[in-house]
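There are structures below to look over.
Okay, so chain A shows up in both of these, paired with chain B first and chain C after.
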Partner chain A sequence: MDYFLQQLINGVTLGAIYGLVAIGYTMVYGIIGMINFAHGEIYMIGAFIAVISFLAVGLLGITWVPLAVVLVLILTMLFTAVYGWTVERLAYRPLRGSVRLAPLISAIGMSIFLQNYVQLVQGARVKPLPPVMSDVIVLADQAGGFRVSVSALQLLILALTVALMIGFTQVIARTSLGRAQRACEQDMKMASLLGIDVDRTISLTFVMGAALAGVAGVMVTMYYGVVDFYIGFLAGIKAFTAAVLGGIGSLPGAMLGGLLIGLIEAFWSAYFSVEYKDVATFVILVLVLIFRPTGLLGRPDLEKV
Partner chain B sequence: MTLRWTLLAAAALVAVGGTPVRADDSIKIAMAGPITGSTASFGEQMRHGAEQAVIDINAAGGVLGKKLELQLGDDACDPKQAVAVANQLARAGVGFVAGHFCSGSSIPASAVYNEEGILQISPGSTNPKLTEQGFKNVFRVCGRDDQQGTVAGTYLAHHYPNGRIAILNDKSAYGKGLADDTKRTLNQAGVTEAINESYNAGEKDFSALVSKLKQGQIEAVYVGGYYTEAGLLTRQMREQGLNARVIAGDALLTNEYWAITGAAGEGTMMTFGPDPRNKPEARAVTEEFRKAGYEPEGYTLYSYAAVQVYAEAVKRAGRTDLDQVIKELHSGSFETVMGTLGFDAKGDVTSPAYVFYQWHDGKFSEVVE
Partner chain C sequence: MTSPQDFAEPLLRVEHLSMRFGGLVAINDVSFSAQDCAITAIIGPNGAGKTTLFNCLTGFYTPSVGRLTVSHSGHRWLLERMEAHRIAGTARVARTFQNIRLFGGMSVLENLIVAQHTKLMRASGFTLAGLLGLPVYRQAERAAVERARYWLDRVGLVEMADRQAGTLPYGAQRRLEIARAMCSEPRLLCLDEPAAGLNPRESADLSVLLTFIRDHHRIGVLLIEHDMSVVMAISDHLVVLDYGRKISDGPPAVVRHDPAVIRAYLGEDESESEDDANGEDRNRREGQGSC
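On to the complex of A and B.
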């Protein structure tokens, strides 16, 4: 039972991290109907900026951990937001209105460019970050038995993911920006005829998505403590899978998909073999897509006439 | 094909320089390795070792009344250039090559040496394939990658006979090879590991695996893999409060491992070749090097020993004839700066040349038992 509980904690944390990256994917998709393949790379850049900001904050003599984390989060979100805006400006806007495949390819190109750029500028070596928050809460610890523990960081990641998911859902559902975003999703031409600045709305969507990727980058850097230029690819694949599993375009779906993948991986590793955990994950993805092609919480695609 | 060989040989001639005139009062030998390129620091070590050995042997009267004459070949750790260099050395009439360093260079070059009847003793190529090709003329004074597994397996069987051992690998040729050799040795010693798992290279999250190890009350974890994943695994083990001993191969002998683990890496053990500078036989030579302002680190003394072995085998054979020298190499043991060396039928050193190193306080050093 204790073992089960520990694996549950492991799975939920891992799932929250996948969900955090997946929210950014799914939001951009929800608005412009396009997978932003550079999202994983923005997340990777966020992780690098997090390491640099932590060093900078440390040099400034700020040692109170909550303040340091908040400062790093703000710095990282600012920088990744600029990256997100630039990616949209360079790789998407010039191709708006052209063939549907064109921006997809340019986003892949952007992703490769960013990856190589970081590799060349920062070097291919792994960048470590010493543990920032190492508080551990022990939930159960019998003598000679299995110690169940959850770290403060795991709780922070989970809380942050849920808060961001709720927050951004509210932004899309209730604010005027959200209304403009939904209008762009339904019909860009009609939205612009009605006075919505389509370019600005899409730019803001990318900025929001990139800021989310930045948050994910900070959390992962703090949690695992290492960063390299290649982490965006794997994280991107897993998060994209989570978004598809939950129903792409739906923020709660991204969260649910992330959690499911995290739990499947943890429990498959726990009770079967670590070797086959990815196989298990993708088998379940295929099964879900066979019976629910739009994912668990996805709405059926409305045909635009 | 013939044209290509000729071209390569011609290219090598340009790369290495003119051929000295053959003199009867000298025995031509060569050192081949990465004198330029990304692994040039190892080539530099090998050059220092071979040059010093030649100086010392000549000062002591040479071999069979003749002086050793050393040539240098630069393969830049590039397999194509290694073949070119090998051909060039063959044309120059060299009878023995101490080299190369990179396994990827040594293996293709060994085919040329085999064809041309040249003895090859590699100071630093550890890939098992080098001596598994069935070439009679190929030897090495360093260990083989698969001997690491033997050493680790023996250690595990001896220290953890209760079998609370996990063997992990990253599915790579290197990692899986090490893990398989370790497991085989362990099982032959009558101990069965409790957990045998593999993970993906690039994996960041080992929490589920760590919980599993904790559940199995694992006391020792053998990791066949590289430092990034091993470092993350170690760090996450300590975070979950699992204090099992981590044992791995030579891929963890880099400061980046400690950069990832921090204090969690304390006590991690790795197999690696013994540092010959610690041998009593190496004391005089080491001091000679230091007096000249050079620290004989890494493969310097390995190269020195390779030249020593050749000179001694020629002395015993009484001539430089390849078959005779090979016969001598297989039949006796040799006193070198690395200690006493003997060779098995394949050309590998008979005593597994691996010992344990341990991380302590951000540094690794040889474990003295």
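On to the complex of A and C.
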């Protein structure tokens, strides 16, 4: 039971990170109907920017941890937002209105480029980050039993994820930007006839998704303490799986999917085998695509083909 | 851009407009103008290029040749050079569609608020103020809801405000589309067959609504319509197109007796069109008959 509880905590933490990345996939898919294949790399760049900004913040002599974390988060979100905007501007906008395959391929190109660019600039070696927050709250520690603990960092990850989820749901539901996004989702041409700048709305969607991926990057860096230029690929595909599982295009679906993928991965590693945890995730992807292509919360879409 | 003599300009001036698609000439050297506070009807048999004209006006197509000028509030805009969202937001031209294009997944009220996007976006400081719920944005949003209410009241949809737009009955969707266009506060309203599919009572209501829009909101209305009872009752000016050319232009009383118009609607030779009794010809005849 204790072992189970510990895995639950680990799985939820992991799921929160996947969920944040999955939101980026789902939002972009919602508005332009295409998968942003460079999104995983944005997350990876977020992780690198987190390492760099932690160093920078440390050099500036800011040692109070909460302030340092907030500064790092803001810096990372700013930079990844710029990367997200650039990806849309270079790989998607010039190809809008051409065949659907073209922007897909250019995005894959973008992804390969970003990976290699980071490898060239930062080196291929794994970059470590010393633990920033090491407080641990022990929940259960009976003699002979399994020690169940939740770290302050895990709590931070969960709290931040919940806060961002609420914030973004509010943006989509209440602000005029969110309304414009939903309008573009349904009928881009009509939206532009009502004075909505469709290009800008799409750009902002990429920017929002990238900023969330940046946050996920910061979290994963703090959580695992290492980054390399290749983490974006696997995390990207897993987050994509999460988005598909939840129902691509649905915001709560992305979060739910992320959570489920995180849990599946944690439990699979704990009870079966760590080596095959990725296999478990991708089996889910295949099964969902075969038996329920609209995902758990997605509605069958009759109009878009 | 602005000079005093522009005030005499008509609201919309179309000059030598041509639109070609490959070898097909959909509009061929059409010129006319539409006045402010007036309803200008564009009529003509199917395939005459009426909707293509609207598509050129609202930025769907870039015209092959010609100039489209909108002038109001002391400014002048050349529509053929503007992006669609600027035509709507800056030159303030709104339109509706022959096949209704509402945001079916949104509520009726939201459809009307989306139409006020430009204003709200500015008020919300591009989202930030809106997210924080600052008073500036709250106030702007209240005003937007108020305007939406006003138009819902006008088109008789107040009690349906929270329903999904896609679930409304056909006639209500047509009215909602007009309300949505009006919520964007246009100076030129382009309506593409607003009476299509309406029953006679709904058509009569539509005529009342359109004259109300002209007289109380003092904007120009450009109207494509086949229903001659509506056209003849409310339009101040008629432009007749046939095969992409303008064949007549003037007040309804003059245009209806123009031999060129009668020829276009009934065909060159009476007996010939009798043989060719397909649906479209019958439509043309009915159109003529009721005016």
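The definition used in the following text is that the second predicted complex is superposed on the first by the 285 of 305 C-alpha atoms of A that agree within 3 Å, B and C clash if a C-alpha of one lies under 4 Å from a C-alpha of the other, contacts with A are read in each partner's own complex, and residues count from 1 in each chain.
We adopt the following convention: a residue touches a chain if its C-beta (ideal position, glycine included) is under 8 Å from a C-beta of that chain, and two chains touch if they have at least 3 such contacts.
Remember, it's a predicted structure, so these values are computed and weren't measured experimentally.
Student: Looking at the combined model built on chain A, do chain B and chain C fit side by side or clash?
Tutor: Aligned through their shared chain, the two binders fit side by side on chain A.
Student: Touch test for A:179: chain B only (first), chain C only (second), both, or neither?
Tutor: Only chain C is touched by A:179; chain B is not.
Student: Kindly classify A:51 by the partners it touches after superposition: chain B alone (first), chain C alone (second), both, or neither?
Tutor: neither
Student: Could you say whether A:278 touches chain B, chain C, both of them, or neither, answering first, second, both or neither?
Tutor: In the superposition, A:278 touches chain B alone.
Student: Check the residue A:20 against both partner chains and state whether it touches chain B (first), chain C (second), both, or neither.
Tutor: neither
Student: Quick one: classify A:220 as touching chain B (first), chain C (second), both or neither.
Tutor: In the superposition, A:220 touches chain B alone.
Student: Output check: A:107 vs chain B and chain C. Expected answer is one of first, second, both, neither. What do you get?
Tutor: After superposition on chain A, A:107 lies in contact with neither partner.
Student: Determine, for the superposed model, which of the two partners chain B and chain C contacts more residues of chain A.
Tutor: If we count touched residues of chain A for both partners, the winner is B.
Student: Have a look at where A:207 lands relative to chain B and chain C in the superposition and call it first, second, both or neither.
Tutor: Once the two structures are laid over each other on A, A:207 reaches no partner at all.
Student: Considering only the touch criterion stated at the top, classify A:42 as touching first (chain B), second (chain C), both, or neither.
Tutor: Neither partner.
Student: For the superposed model, what is the least distance in angstrom between any CA atom of chain B and any CA atom of chain C?
Tutor: Superposed on chain A, the two chains' closest C-alpha atoms are separated by 35 Å.
Student: Could you list, by residue number, the parts of chain A that touch chain B in their complex?
Tutor: 3, 6-7, 10-11, 13-14, 17, 125-126, 128, 130-131, 134, 136, 146-147, 149, 151, 220, 224-226, 228, 230-231, 234, 265-267, 269-270, 273-275, 277-278
Student: How about chain C: which of its residues touch chain A in the complex?
Tutor: Touch list, chain C to chain A: 58-60, 83-89, 94-95, 97, 101, 103-106, 110, 113-115, 117-118, 120-121, 124, 126-127, 130-131, 180, 184.
Student: Quick check: in the complex, which residue numbers of chain B touch chain A?
Tutor: 197-200, 202, 204-205, 207-209, 211-212, 214-215, 228, 231-232, 235, 239-241, 256, 259-260, 262
Student: Along chain A, where are the residues that touch chain C in the complex?
Tutor: 167, 170-171, 174-177, 179-180, 182-183, 186-187, 189-198, 204
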